[in-house]
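Alright, structures below, take your time with them.
The same chain A turns up in both complexes below, where it pairs with chain B and then with chain C.
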Partner chain A sequence: MVAIPSVTRTPMTRNRTAIWLLGIAIVLTILQYSGVLPAWLHRIPDAMIPPAAIWLDVFFNFVKDDLGLLKFTRFLTAGLENVLDTSGNIFYGKRRWPNLGPIPWTAIAGVAVVVGYYLGGWRLAVLGGGTFIWTALIGQWKIAMETMSVLVVAAPLAFVIGLSLGIAAWKYAWVDKTIKPVLSVLQTLPFFTYLLPAVIFFKVGPTAGAVATTIYAIPPMILMTTLGLQKVSPEVVEAGKMSGCSKFQMLRHVYIPSARTEILVGVNQVIMLCLAMVVLTAFIGMPGLGAKLLAMMGSFKLGRSFEIGVTIVLLAVTLDRMSKAWVVKQPEHFEKGTSWVNRHKTLVLAIAVFIGFTLLSFVLPIAGTIGRGQDFSQGKELDNLIKGFLAIDIVQSITYGIRYFLNVWILNPFRDFMLSIPTPAMIMVVAAFAVWLGGKREGVIAVIFFGLVALSGWWDRSIITLYSVLAAVSIAMLLGIPIGVLAARSDKWSQRVLLACDTAQTFPSFIYLIPAIMLFGITATAVVGSILIFAMVPLIRYTIEGLRTVPPEMTEAADMAGATRMQKLVNVQLPLALPTMAVGFNQAIMFAFFMVIIAAFIGTQDLGQELQRTLAGTDLGKNFVLGICVSLMALTFDLVIMKWAADKKKALGLP
Partner chain B sequence: MKKMTTAFTAGVLALAPLAVLAQDSSDPIVIPIHNWSSQIVMSNVVGQILESAGNNVEYVTTDSQAVYESVRVGDVTMELEVWEGAFGASFRAALEKGGIIDVGDHNAVTREDWWYPMWTKDACPGLPDWEALNACAAVFATPETGGKGRYLDGPVDWLKHGQERVAALDMDFVVINAGSAAALWAEIGAAEADKKPVVVFNWTPNFAEAVWPGEFVEFPPHEEGCDTDPSVGVNPDALYDCGNPATGYLKKAAWDGMEAKWPAAYATLEAISFTNPQIAEMAKLVDIDEMEPEEAAEAWLEANPDVWGAWVN
Partner chain C sequence: MSTERPVISCKNVWKLFGADPEKYLAKMSSDMSFDDMREDGYIAGVKDVSLDVFKGEMLVIMGLSGSGKSTLVRCFSRLHEITGGTIEVDGQDIMSLPEKDLIDLRRSKMGMVFQSFGLLPHRSVLDNVAFPLEMRGQDKHTRRARALEVIKLVGLEGREEYFPRELSGGQQQRVGIARSLAIEPDIWFLDEPFSALDPLIRREMQDEFLRLQQLLNKTIVFITHDFDEALRLADRIAIMKDGAVEQCDTPDQIVLHPATEYVRKFTEDIDKARVVHAGVLAKADQPGTGDPVDTGMTVHKLARLLVNDKRDFIPVTRDGASIGAMSRSEALDILLGAE
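Now for the complex of A and B:
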């Protein structure tokens, strides 16, 4: 009862603060346009920008050389290289110990069928087998296995490290406290920022790729582990204690099995992130599917890009569905006295299939490897088909029209306007937004974060990054929310669209570049296009989920009050769905920040391009400063929107 | 592990009579691969030559600037194409730090700069002069660039300083970085159909000159120090206010431990020298004939046994 007045009152003062901030920002901008604003108020003068990159470089060099971190990581590299060489030999026949590989493709496909059947019946068996058969027949077996050979090392590593850190964070409050902020920065740090340190400390090639991938995939594992362990019910813990478990036994036999579901969800996320990232490490020379896709997209060979895209998507969907099926599948229990073979039917069958196909490949070489020219790839024909399609006059004039309209009328003016806003005014606009939605605390954080970005000396490029994100997310909202609203009207369509969104979210982000490049070529429009498609998925998904979870009493009440469909939607359903939709909006922004940096490879003028440029050198300091700029901007949005959604949910009494 | 090594050594020794270069280490020679075709094919050609001589060869895809650091520390064994215009600075910096050595020049003479296919001259007759190019910047405009001209530069990691040059010479151009070398050919190819004027980054030796006749834009001639001293060049306050060297070198570089570890392979590397037409031919096999790099290397080796035979002996 006491809470209600404070809930209704704070927005009033908040709004006033927000309006004040906005007002000052507008005045500053008008002054800028009328040419009376002194230059130092428009942009921080260069002389006042602290040389953070140089300080950081001094620090990094000290840690790297004087403290001997480089020696230590190079020592680790040697070990990791041995592991990667071994998996490389097994998967694609790299000439290293144990000199056994490559495993015949038929054997892997066969095992995938068996595992798929065990986890999820015939459907998964077909999916698993089909994926690998497709990969082999299309002639991408070797590059796919190059990718897999790193994945099988990086994912378990990320799992073990994530699980241990998660347990530590659950056990000791101070670990949890220190780890939390680091994790949120890590999760918003652009992937390019992971790449350069990886190359410097872990040698160019697969080792660096594996390290960057592993580190990127650790945070969700930590979060899921802590979450799972915290949820273990006290009764179970009591039971464990009563049976006299030691500390380790408690962990091994009580906590971890009880947290099984969350931990396995973590495993699923680790696998999916690893796959997405392993593809991206193509930027630092990791061979495999990503490298080939990068090369083909760069040269506008869209048919072949498409084929590789299909392989990556199939792999992603297979790995995702299988690991999710594993989450759901409960451990089997057998009666006492069941023989070993009966208890391990699947394992025995898998081994039998594996040996069978391996033997077959000795007799029939094509069952082992599909050689050059023996595949069914239609890439070159598809290239020409797509090229031909895009060259049709009507298609060309439509895509050109969209490009012209978007750029000349919307994007370029919007960008130029954002660039013209004085730095302090821009910070105030963001602060106003934060105060209005989140509160005073969020406003202060926004000022600090954007202030740091301004002091980094990369303000203009940061603003261009922000502009791409905002432009793309706005367009994505215009398209995505109506789609979500329409789909939410029927059960059938909600399910279909949700399934499509679920599947689309498992695609490695790189894939989203393909359709954008197909339509718009290698232009800035394609950048916005790819972010748009990527960001639309969470928007649609959460709009549907938000609308579908509106309590039926509410809609019934609206129906009884004689509301039209439109009235019901606008006055009842949307307001109640808004907190959930905000989560989708937040995800869309986070995705957009991620994508805009990757899209640098199509040719942007923002932080991403500078980041990509640092990959060509050894400028760790600059690389880090740029990454932090992206991270700070993304974190501001994340904090504000999530705070708003939580407040709103509380106020509406939603779970 | 020890057993494996012994077995491996035994295997290598057994092959020794076949191999001329038996004293070379059996550790793999790591050859870097970058993002333009001639370099990829040349690396595969040299790799296959070394393999045929009994060496163990591995390829690693690396950034073309960062590679000098990798060669210096021995992560990568050699670099076959050190273009003066693009990589001269990184190479010199690495030489000063030590660990990398200059293994001599190829026969080829190189030039890298802004370039246009001949049909562009119809729309902008004052070419190849850079001021004339700037005067007709609007001809090169696209929706994305607004009223300014579009110049498609090489991939960002080639560090071509197109942006800096546009600023230094106050040109009405927007510099867009291509995702890869192949994107440059895609741009020229797309423009060819309706003879649209384009200006892109290009270089010689390359296959492109045979497919699309064209010319380099004539910028203020290159001067020593133009990229390090603002006072050099036409704009007294800016770096990069000149063109790239018109007759640049193409060098080979190697890790300084290579000679001791793989003496025979090092001798071959010293002897290797490609000419302009040979390099253009290698690029053509991939860019026009659409071969896979290792296929292209095989084809080239098959067609030119007398050229590379001399390097091995």
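Now for the complex of A and C:
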């Protein structure tokens, strides 16, 4: 007997509630336009707004000073500083103990070739070697190594903490229950909110940068560890028990090795998130590639920005491909009597290459460091080229045209309209959306979350943030979904586009600002542009995945029923792909919330701008209020859309 | 089979799955059926099972999937905690053992083979086989020597350095068998060891297994859902349904005298002549005349004799001594499949 899944269709009452809410919102808005709405119904009066920032400040000060947290973290800072100094010395020759560095660039590039070859053959060898040779020759070795020196400290730290917490969450249900909500808030919290506490508790510069980076990279490691441990096959566990393993032996010899794949996927994510964040810590004075990029973009030096962008992208792709190759790399056996050297060929070769190039650098200084003026940077020439290209009449009129059209006809009216909606009406619109897609519970949560945003006192800026997100994601859908649908039509194109999306997702988010600024200069259009590119990637990706995973017997049934391509797409493929596409849409919104904050750098009037301003001071309370506002809005969308996707999947009987 | 104390002895063992099984079992009425319990939200994995396993015997537990056979065997080694009843291993109540002693028991006395092998993917054949010895804290040299010995025993010589994914299914199960034998266990649990293999390989592994058993003479609890396999291997068969043992007896008796309708359905399509032995048919009060047959001969093997001989009763001997005689017509009925 087949059990009929107890799936609730969207009940009529739910739709009716949504329509009622929407109706009231429209009435309120019309009243507002006809000028009869009292002011206190349009915006919550200032007097009624609780001084949350001040309360938070009192609380933070209590924890910081009275409870002595600051002393404790400053103590940690000292230890971390030593580690960072050491790695700084080794990577770029900071004048600290052990005074050995910097490692010659040729040695690092050589080792990268050997490791790349070991992990993934010639292609990875060329990629690894090429990345470091490019970095050295373009004259960015030192700043790249400043970034790397923090990365090599933050990534292992995040790995160890994430792994331990992941094991704890798997083992004890109460840890899991405590950690889960914290993780979902952490993942939606704008990164500026990580930065200020890091600065206050861990001093400006590399230490704060390393701490913020570490914290940012921990959540996926926890999730992957727990997932991996839960997936270990029960028979393997029983085999371990019957072999007489003690509890620790079980963990050390059975669970962790069996969860190897998931743990290594976690490592890959830790590395990528660390790289993304370490670049962004430029905002709190962390030197390196990010700082340089920030400075170059700030002074509109497009050529150098582009070069640094290429370096960051190359580093990201190299680290990603190598760590992914490590995930799939399986142990292989050697025939009996293989000598030690042969069994450890890679290690021996890597050491030999390292020593060889280090010795070479004593004889040939250029193999050690590439000095000023010896590099091949074409920054100025590129700059002229790009600016020259942008100055061509046709190009200029096109970009100007787009900018004008978007700003005057779409973006600004849309923004002004959203700002004109009375606060309670806006909350009702969001609630209607939540009730309609998710259900009663989601509707209540939406009201609470947006209500809190209204009470924070930053309503207008929150709405501008929301507007940027919605505008960018809407345009991204108009462009991304057709691309996905077209690509999904053939295997070849699906693979190509998916590979491009995969690669694009490894880029640190900061990179997406470069093309936007190049095309639209430092304007509001560039803000939407950068979010647009960033948010389009998951949309395309999940559209393709959704369409490609429609069960073949269903498309075949449609074919046999004589459906045309279009009929098949509209009646069979899209409805079945919709839950997956919703996941992509959700990710696009999350990405957009993330990017809109970074875009504050270009100049916006939203929460991000205020957040960035708090970084200069010690306004922890305000910083948190702003961060939580972003988080609450993002969480509302996340909750509603994911609920809808899960319901829909269940109703369709999809896995 | 001997009359001495059983190696494993379980009395009124219950294993319930559900919200609060102990409490439910305590206040449950005795005539609850499997379906009644399921309606209350409880699944009876093992339902009031009493069973003894004797030294050197091979007990095959047979049942369809979900009948509780795997659950029962996991109670024997306390991979599952039982809800009620007692299980004694070598006279020791295993439910009262503290964790350390339980680990010691597994390290010294028990070996188990799993349906999907349960090999550790990151360890080579040699390291997988040596794993229980390593857990026991044996030094590298001895455990390597012992592991090589068992690997040779199961015929995997030369593959010591391979990893599980580089081996075929049959070879992987040989590794599983070698691992379970590494500590020289007294009790050997095999949970559907050959079910995941192709029919041809399965046959080959059964032969291999019988060879090993003749060599080692362990106490074995063997699980299968395949009645033919059970008949081929077992000293005794326990047939399970819905967590309860329907019948536990020798293959001959199960085929000749099925205790319940459920068991009878299993035996319907079986060629009884290949299962029933002369010894079972022998009646002690009948002397018989002429040349005797050995107790271990199946009716099938005696077919020609049964058809050609004219005697009504044929004497049966065990180790040369007479134990009675069997009725030729009764044996012929079995041979011809008459009801």
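In this text, the second predicted complex is superposed on the first by the 635 of 655 C-alpha atoms of A that agree within 3 Å, B and C clash if a C-alpha of one lies under 4 Å from a C-alpha of the other, contacts with A are read in each partner's own complex, and residues count from 1 in each chain.
We adopt the following convention: a contact is a pair of C-beta atoms (placed from the backbone, for glycine too) under 8 Å apart; a residue touches a chain by one contact, two chains touch by 3 or more.
Quick caveat: nothing in here was measured; it's all calculated off a predicted structure.
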### Query
Fit or clash for chain B plus chain C once both are placed on chain A?
fit
### Query
Who touches more of chain A, chain B or chain C?
B
### Partner chain(s) touched by A:Ala616 [first = chain B, second = chain C, both, neither]
first
### Task
Could you read off the angle at the CA centre of chain A, spanning the centres of chain B and chain C, to the nearest 10°?
150
### Task
Pick one for A:Arg403: touches chain B only (first), chain C only (second), both, or neither.
first
### Message
Taking the superposition on A as described, I'd like to know which of chain B and chain C A:Thr525 touches: first, second, both or neither.
### Response
first
### Query
Is A:Ser233 touching the first partner chain B, the second partner chain C, both, or neither of them?
second
### Query
Just chain B (first), just chain C (second), both, or neither: which does A:Val204 touch?
first
### Query
What is the minimum C-alpha distance, in Å, between chain B and chain C after the two complexes are superposed on chain A?
39
### Query
Once bound in the complex, which stretches of chain C touch chain A?
74, 77, 79, 103-104, 106-107, 110-112, 114-124, 131-132, 134-136, 160-163, 165-166, 176, 179-180, 183, 189
### Summary
Per the touch rule, the chain A residues reaching chain C in their complex are 233, 235-236, 238-246, 249, 253-254, 257-258, 260, 330-336
### Query
Touching chain A in the complex: which residues of chain B?
1, 4, 28, 33, 35, 56, 60-67, 69-70, 75-76, 142-144, 146, 155-159, 176-183, 185-187, 190, 193, 290, 292, 295
### Task
Could you please specify the touching residues of chain A with respect to chain B in the complex?
95, 97-98, 199, 203-205, 282, 284-287, 291, 294-295, 297-301, 372, 380, 391, 400, 403-404, 406-408, 412, 521-525, 600-603, 609, 612-613, 615-618
